[in-house]
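Take this structure, written in structure tokens, and hold onto it; I'll ask about it next.
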Amino acid sequence: MSISVSSTPFRRSLRSKLQALRDVPVGSWFLGAALAVLLEWYIGPALAYALGLGQIPAIFGLSLILKKPWLIPSVLLYLVLIYGLPLAVMARLSAGLIRRLEARLSTGVYVGLHLVLLFFLLWAWSSADDYRLLVIRLLAINILATMSLNIVNGWMGEFSVSVAGFMAVGAYVSSVLMVWGFVNDDVFGPPVFPPQLAPMAFPIVLVIAGAVTAFSALAVAIPSFRTRGDYLAIITLAYVFIVRSFFENMEFIGGPRGFMNQPEVAGFPMVFFWTVFGIWVMRNYVTSILGKATNAVRDNESAAEMMTINTRAVKITAFLTHAFWAGVAGGLYAHVIGYINPATFDIRRSAEILGMLYLGGLNSITGSLLGPVLFMFLSEVLRPFQLLKWLVIPVILIYAMIRRPRGLMGFQELRIPFLERRRIAREEEKLHGAAGD
Amino acid sequence: MSSPQLVVENLEVYYGNIRAVHGISFHVNKGEIVAIIGANGAGKTSTLRAISRWMVKVGPKTRMTFEGHDLLRYPPHKVVSELGISHVPEGRRIFGNLTVWENLMLATYARKDRHNLKRDFDMVFDLFPRLAERRNQKAGTLSGGEQQMLAVARALITGRRMMLLDEPSMGLAPLLMQEMFAALRQINREGTTILLVEQNAHMALKFAHRGYVLETGNLVLEGLTMDLLQNPRVKEAYLGG
Amino acid sequence: MRRWLLVLALLLGLVLAAGCGGQATPTQAPEQETAAETQQETAKEEAQPAEQAKEIVLTIGFTESRTGRLEVSSGRQAKGLRLWMKHINEAGGIKLSDGTVVKFKEASYDDESSKDRVQELYTKLITEDKADFLISPYSSGLTDAAAVIAEQYGKVMLTTGAASDKTYQKGLTQVFQIYTPASRYLTGAIDLLLTTDPNLKKVAFVYEQAKFSTTVVEAAKTYAEEKGLEIVLFEGYPSDTTDFGPFINKIVQSGAEAVLGGGHFQDGTTFARQLYEKQAPVKAVVLLVAPPEPEFAELGDAALGVTGPSQWEPQVKYTPEAAKELGIEWYGPTNEEFVQAYKAEYNEEPSYHSAGGYAAGLILEYAIKKADSVDPAKVKEALDNTDVLTFFGRTKFDTSPESHGLQIGHEMVYIQWQKDDQGNLVKQVVWPKEAATAEFIYPMR
Amino acid sequence: MALLEIEGLTHWFGGLRAVYNFHTRIEPGEIRGLIGPNGAGKTTIFNLVTGYYRPTEGRIVFLGRDITGKRPNEIGKLGISRTFQNLRLWTHLTALENIMLAYYGQIRYGLIGAFFNTRRRQEEEARIEVEAMDLMRMLEIETYAHRVVSGLPYGIQRKVEIARALATKPKLLLLDEPTAGMSPAEMLETMEFIQFVRERFNLTIWLIEHRMKFVMNLCNWIQVLNFGEVIAEGPPDVIRDHPDVVRAYLGEMVEI
Amino acid sequence: MSQIAQQVFNALQLGSFYALIALGYSMVYSILMLFNFAHGDVFMVATYIGYFVAVGLLGLVAASMLPLPSWALFVLTLVLTMFLASFVGILVELVAYRPLRDAPRASAAITGLMVGIFMETGVLALLGASRKDFPALIPPQTFQLGPIYVTNLKILTLGMTLLLLVLLYLLIHHTKLGMAMRAMSFDYAVVPLLGIPMNTVISFTFALGSALAGAAGILYGMSYPVLDPYMGVIIGWKAFVAAILGGRGSIFGAVVGGFMLGAIEILVAATMPSTMRDLIAYSIVLLILTFRPYGLFGEEYSARLRL
């Protein structure tokens, strides 16, 4: 009791400090993070060595803590010195500057700058350690797949499980094209095009792979005209089985043995670009009237039809968009891993992505980012638990679902204060404009 | 009867954040027939559901007692099995995939007094001889009126202290309706209190002893049915002005 | 304001530099450090050989499938490897000529039987745990995924529990195979059958549709055709098949005299059992993976007569004398020593997966000793030149650029489940003749 | 030319006859009423006209075009719109979004515009937003524009639904029990509102209603349906005194 | 001809497992409109329970503390396993579904999947990696019926399945709980108004489904003797497909769907290159559902428990 009383002023001051930090614009946080990354880059290894960590802790030292609990103080110290302090200080200090910048920049430039900053930040952070680099690329791919799935499962309210199947198609198509075109391979012989062109051609190949995936998705999109809910879920499930079996029977690309030798074209910049681009495109879609029609189909299909919405077109578009981006995600995956086989894309992968989606939240772009991040974070951090990891993760997810049945960010978006202010300003302008007429 | 059998105070019913009933109070005495009338959406059905604790959430200020028991402490199935309040929901809601007999048997699920079952079944078949004829027929194949009879019969077997009836006359042909109300009166004579909700005001007011008039979730009138029948305000509330 | 802009620009520039630079030289800072450290240490050793012996602890990185479908064999493999590590460390490590003592420690993770985890974890093993040498995960599929990473970082990886040939035809340089490759998995069985029954004509291949078994049977099919056998049935079944009725009917209809195939433990056991229950009139059944496993005996009579290829068996007698005959070196413990130590440690019969795990460590140990250095390049060279006999058999790697690292020394043995005098089921080695402990029973039932 | 002409409309659900031989002819500018007890087949007729069901028999002609068997979104585009008996708003969306979505059929920017957020899309959506806001302002619900509809008061939800129906720019508006659940005062308001809407948007209105007073005051012609058949039709005062109507609709005067 | 007869037997055996497991999905679906994605793993756990029961009882017999003939042993094992397995189902419902009764169904599907993973890992952690070999409760025998060979296990599987189906029919039609289940599948909400505690009926349904999965587990274990913690995954998904194929919530449909999937799989494997099994079998499923969007015996947007 006494403790709580005595701590109140402290808490209050803490709260006011936190409040001050909450007002810090996103850009400042990024700058702070940039400083942290720089610090880690230049003095991280030495500090880690001095603290007895051996090397810079890969994922904020969290898995290290679980493995070697006696290192907790060192890890904490490292985190505070390298991340905490620079982040907080830099964020506070640069807040004014960023705010002044905000006033001058247009929304597009502002967002663009942030993305560029984020890109270099993540790149620098992950380049300090190849493990991070791989994890962050896989994370980006999962985000892309989750976001695309969200269009069908979240915005349109169906229960599709075919994401693994779509990824498989995208992965195989892109791999075959790239290996045929740019690699000297024992299946396809010498490269058709000069191998130096591979990185340039990769985006085109991804688009083709996405398009082929989208085409194959007609197999589930067309039945969706007449079928909803559980039956459609089964159709998507059957699709996964069919795709897997199909590739197992394609002997010339390895059948069940799989397919490798993909050129190394999916570096961090490539993956980052496609993820951001994919999310941008999907965001555009779901915020447009054409895209919001998926919501209408979900909430009340019959009313949607009466209100001139072509529900068939909406369903086809939603499924094909989902398939396209899942296909792209599959293509990226194949080139990040450099080896695929049909078993990679079984129903378990679908289940995993569904887990990420429902953890993050339906009908939410933020949720599609948050779900994979949390899921992969848990998955990496709990690794030292070995076997028990898969007892802990389900329990966490079940708890999360019980507490928040719609997922952490279901049906909401994180509001970025700057963009909010812009939006409000725009609306006020509109109101004034209307009043002025 | 000194104290009423059912006392409802300050009843508020919410659907999500829409309030359907705005804090009404009323009571029902033992052995009475009470009618609640009002237009579509006036909150009649919500009121009945609140009493049987079924499918609705009541507000924090609501108090309901039945024979001295705090109704709010009973889950819906115990309201039926322990307090003996039966509810004939709107739209009959009989189990169309079960036979008439099975529908009635299911109603005995929670009853402890097995020895009275035969008597009750006999009474039910006495009241509704058509049901006896069709006891092995699937309930879904019965006509609308027969389904309504089955719904009432089912309620009779689940609990006899009080019966809540939601629009028992809906969709019934005149002759059947007469039959139905005759049966209900018979049931009432044998000691079952009846609280019914009706859109068909003439019907309800002729049948009941006392009546309450609901209008958009508020109680606007109450009294003996003879008085209410004369009251021009009733017509207004019920027929919408 | 201007000052701030300057700071900002500077900061951005630095991040940019770090970002771009990072791609070119991953893990620059930390790795340099440790590498430098090691070098310093070695340099010190070389400079002052008279000084007290320096101890180096090498990290052996590997993953094991603790969850997912592959857990059993993978666990055995890891047990074997750990036993080796225990032995060498208890024996005081490897003593190099300069007096350095090399000891080992493990860094391992659960790969959840999944390829992307394998890649993630091998990257982690290399960059985080600073593994000096790698051992493969269990199964060909996972090993292929790991090989991509090992090659990328130029880390020497010894593969065990992975018999695919294809892996080594992709121009790998750092990966060395301990197992006899899949292409030679069943060829011995065909030799065995033809030696026992020169009149044998019709054989059927029924195999699991998975990376490993497909490779095996395709190679065996070619070999069988060369030997003039008629392939009357060549069919794959999905990995989750539980009812082999249709295949057995097809086998019976085709009039096959011998059945070859199978895949992994699960399906192989079920297949064998159903062949028995349906009393399929075949004279020989050769299945992959399942028969050598000790649990196969639980099938009872259904196991009787079933033959299977094995990388190694407890009864196999490779001896220093045999090494002398072959004109190559002998290294490591004898078979009895290994079997006893394994039983003592884990209280179970070792299977060939266990032996493979142990052998992988042993060969690494041998190579380090030969190289007389822990320098990866030198160890790699030593591995290239290895030709040695151990309790596991002969080990020699292909050094041609088109299939570097492929195992060319090791031979399969074939076992058959037979009844001993007391009527107990026992595993007998029936092929090759030199190693045989019993006659091949043909026809099987 | 009549706006809507229905001939011999009959519909069976399995073995149940829901509508039998229904005829009508609605002229532009009318407010037409359709009344009858629960389950008389009123909503079924609306569902047939708007394309949810394909009629077993009969022909529906709208503006001289046979629309029998067309899909609802096509019929909607042609100029028929409706509200539903139990509100069918898109519950997870805001009021503004609900209304803006009804402009779907008028969108020209295509998928490219949607995916890449082109200038054309921005302009079109901005225009639609202005129009939708205007519509809301006209119906005095603009303060609720950015609120999710499931949390709005019932009356407002009704208005949002009407606004949504108007957004498709209909010529004929079908209202299915527009005053369900309203108090008499609200009902009077709705009555004025419907008249206002009709004049403002130059609409023809066909409505299903239970409340006699509402129908009597508003409609110029009323059809009474019972068991799927028209039992009476005519101007309000004829209907008011029609004995069959009284019996069918106001409830039986049964002696017990 | 004998070939076909032989394959029919194979198909019936495989179909029996699918049918017994599919029933668990279907019954739960019919009352809760929810697919119990943990059911495949319930089957796995039930099979392990069966294993321990069988081993325990065999131990007792071996120690001659329980002098029973093999058929009695089998029946005892079956009954005990079904009884114990039913608690697994009840527990799953309690943990994964009851707290989410009012939540979106997809969320419940996710918790179901997670409970499944938990059970898989839990069994792995508890029992280790060692494989369990299901003991032979009944000595295998092969009969020759004309030109075809039939094992006693096949007959037993088929006979047991039919017996269980008959028992299930009687249970659903002649007990009050069974009537309550059927009633609930017709009109979920109104059941409490008859004084019937909904949760009891739901728990009972889960228990029933799990008991059937337990029976399937014993029969499966005797036919395909090796158990592993992941055995329920694929067979679970397939039984799920079978349940849907028949028509959701239809008991008759689930049984027919189960046997049909078994038949499709076996016949494809028997007549075509067997590597095409999944490709062809699921293409057929996809086609059926495209042209009969509500399954073979399902009704549009309704769930009726019928037999």
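As written, the chains take the letters A, B, C, D and E, and residue 1 is the first residue of each chain.
Convention: a contact is a pair of C-beta atoms (placed from the backbone, for glycine too) under 8 Å apart; a residue touches a chain by one contact, two chains touch by 3 or more.
Small disclaimer: the values here were computed from a predicted structure and weren't measured.
Considering every other chain in turn, the ones in contact with both chain D and chain E prove to be A, B. The minimum number of touch steps linking chain C to chain D comes to 2.
At the far end from chain B, in terms of centres built from Cα atoms, lies C. In terms of the distance between Cα centroids, chain D is separated most widely from C.
Distance between chain C and chain E, defined via averaged C-alpha coordinates, is recorded as 38 Å. The distance from the centre of chain B to the centre of chain E, each centre being the mean of the chain's C-alpha atoms, comes to 42 Å.
Here the spacing of chain A and chain B, counted between their Cα centres, is 55 Å. Chain A and chain C have Cα centroids separated by 36 Å. Shown for chain C are the residues that touch two or more other chains, namely 66-67, 209, 236, 238. Contact of a single residue of chain D with at least two other chains is seen at no position. Contact of a single residue of chain E with at least two other chains is seen at positions 120-121, 124, 273, 275, 277-278.
Working note: touching chain pairs come out as A-C, A-D, A-E, B-D, B-E, C-E. Residues 1, 4-5, 8, 11-12, 14-16, 18-19, 21-23, 26-27, 29-30, 33-34, 66-67, 109-110, 112, 114-116, 119-120, 123-124, 126-128, 130, 140-141, 144-145, 148, 153, 164, 166, 169-170, 209-211, 214-215, 236, 238-239 of chain C touch chain A in their complex.
Contact residues of chain E toward chain B in the complex are 176, 179-180, 182-183, 185-187, 189-198, 304-306.
By the touch criterion stated above, chain B contacts chain E in their complex at residues 52, 54-55, 75-78, 80-81, 86-87, 89, 93, 95-98, 102-103, 105-111, 154, 158-159.
Taken in their complex, chain A has these residues touching chain C: 31, 34-35, 37-38, 41, 44-45, 48-49, 54-56, 58, 94, 97, 100, 117, 119-121, 123-124, 126-131, 133-135, 138, 186, 245, 248, 255-258, 260-261, 267-268, 333, 337-341, 343-344, 383, 386-387, 389-390. On chain B, the positions that touch chain D within their shared complex are 16-18, 39-41, 169-171, 174, 177-178, 181-182, 185, 199-203, 206-207, 215-216, 236-237, 239-241.
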